[in-house]
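Listed next: structures, encoded as structure tokens.
Same chain, two partners: chain A is paired with chain B first, then with chain C.
What follows is the complex of A and B.
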């Protein structure tokens, strides 16, 4: 079982784990801007050992959609 | 409907269909900004409805308007990022107000355009700049924002330059080169920086980088290289010889229309994507130039929602080369840019605007 998605998001965005929910959206808080998004993608790729396509990165607009998109890569986050 | 632009291929819509789609969307945008942006409405009101420059669908306003005035079509609390351009010396920079919707449209459009050249897979990426240009997250310069936007299309990002001294970071470059020898990589930088601090420094060092069929995307104009008479052909040749960049694409774009950029094809022509178009205009009466005739470049884009930047008269000169029949196979208008107008200042509109303030 790989690491918990909320844990990874919290680490990449430098937030407390309790601040992360599946409803949290990209660009809705200062901590999750385009710079942080790149850091988050790097964390996801390392944690789940996947290489995400450009279209999928752009579509990752919330924690919930990240979870959905990762399924395409056979990751149950 | 903006979504219809994402349902069609980015470079494959025949002109009749594209013009119909654009016309409807731009007309809607003009009406929207006319209602939501007081300053923009004042500009439109100053003309009779019949003689709007650029036509009733997309009246054109000079790009300098964003330097002179704060033009926004959304309430202040919806602006989540303000983009600024470097601005010509002595001028105030442009200020472009983005809401979440417009920013998202920009990203989606840019992704469509870029992946059509690079492919869907992100390649290891070399950024031909130094890391501190993307440090300040609150106020992005056009340079920092351009780099950040492009970083989405790469992975394992490495900066080629050390710091403000513009020295090549050989330690980083060697590690990156060793990991990617014989492979395609993706590099991005501003034209002048790529030439002066990457190609020329490589040349002086006598060293080469071992990439193969690598992609170099660059932008920002040739103005600073004019004195050195660097042609596009020579630039491409050196990038290929010294670092294995088999695919080199310049692009024309501006902070006022981020996202809908005009990328150079394999035949060396700048192409309008489905989200945008160009009209070359005669400065005497702003009528449209014929193919092959040089004039002032007007750019239109369907992306700007939070500011009235959908139809702009630039300060650049260009020539329309054709439409739908480029040798590369892409449809849409293709054109060449010849640099800035001498001492650009478009009078009239701005005077009118000021009197309405």
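What follows is the complex of A and C.
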């Protein structure tokens, strides 16, 4: 069973897990800026053992879209 | 400098590793105990080198064949490393081409090819390297620039532009990656005795030697020693630097 996406996002953005929903958007909170986004990408790649395309990294604009994009990599997050 | 424990357990990728400075750096990293992925464009060109390096009784050498001018191929190469080792500690962006031409005779194709091989490859490889390195708490990216990048050279405007670009990448990424403990430095070799120099006439060669304070051409090993140092924890607080290995050519 793959690790829970909300858990990973919370860890990468250093937020409480309860603060994470699928609607949470990139750049909508100070904790999820471009620097944090890179930390999140590294966490996602490590947790799900994938190597993301640059286009997908740019397209990951919310927790929900991350979940959708990960499906392309055969990850059910 | 042969210390088989210095880089034990570390994983490195060296592009342009089939000859010259790249081959010397790969060898020095293996001697220091690292697992080194040697990258070259031509399939089979690393066979002999691999046999030699794996006979040293130190680290391990492996081959990866791809063209650094092809971003998709770079991605695939990093995918291979990710699957095999799940980590990368050192990236040496060494692959490069040098085509001398008076600027009036330089073709646009040559300009584009030089940019793709010497500069864009550094940008693309750094994208993937940073993510692999960040997972394990940091790493070291070493970019090969040239004395020509900062000093310029008649007949080398295109090459010099690409190598000046490498300095810009190095300093920018050093700032961008510092918080992730990824160090980015550049090595600026002077006149090193490799295939790139062989093309010079005897007269030009002597002229070059005369311009070097230490009175000799550099060796690939002179450059490799700095590569090992920058790869190691001995350099753990050094980032954003362009370090010359030129025997006093530029002071």
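The definition used in the following text is that the second predicted complex is superposed on the first by the 77 of 77 C-alpha atoms of A that agree within 3 Å, B and C clash if a C-alpha of one lies under 4 Å from a C-alpha of the other, contacts with A are read in each partner's own complex, and residues count from 1 in each chain.
Everything below uses one rule, namely that a contact is a pair of C-beta atoms (placed from the backbone, for glycine too) under 8 Å apart; a residue touches a chain by one contact, two chains touch by 3 or more.
Since the model is a prediction, treat every value here as computed from it, not as a measurement.
Asker: Of the two partner chains, chain B (first) and chain C (second), which one does A:46 touch, if any: first, second, both, or neither?
Answerer: So A:46 only meets chain C here.
Asker: Considering only touches as defined above, state whether A:14 meets chain B (first), chain C (second), both or neither.
Answerer: Touch partners of A:14: none, neither chain B nor chain C.
Asker: Now for A:54: first (chain B), second (chain C), both, or neither, which partner does it touch?
Answerer: In the superposition, A:54 touches chain B and chain C alike.
Asker: A:33 contacts which: chain B (first), chain C (second), both, neither?
Answerer: first
Asker: Could you tell me which stretches of chain A are touched by chain B in one complex and by chain C in the other?
Answerer: 35, 38, 42, 45, 51, 53-54
Asker: Touching chain A in the complex: which residues of chain B?
Answerer: 80, 100, 103-104, 107-108, 111, 114-115, 118, 120-122, 134, 137, 148-149, 151-153, 155, 157
Asker: Which positions of chain C touch chain A when the two form their complex?
Answerer: By the definition above, chain C touches chain A via 75, 78-79, 82, 86, 127-128, 130-132, 134-135, 179-180.
Asker: Write out the stretch or stretches of chain A touching chain C in their complex.
Answerer: Against chain C, chain A makes touches at 35, 38-39, 41-42, 45-46, 49, 51, 53-54.
Asker: Touching residues of chain A toward chain B in the complex: what are they?
Answerer: Residue list for chain A touching chain B: 27-28, 30, 33-35, 38, 42, 45, 51-55, 57-58, 61.
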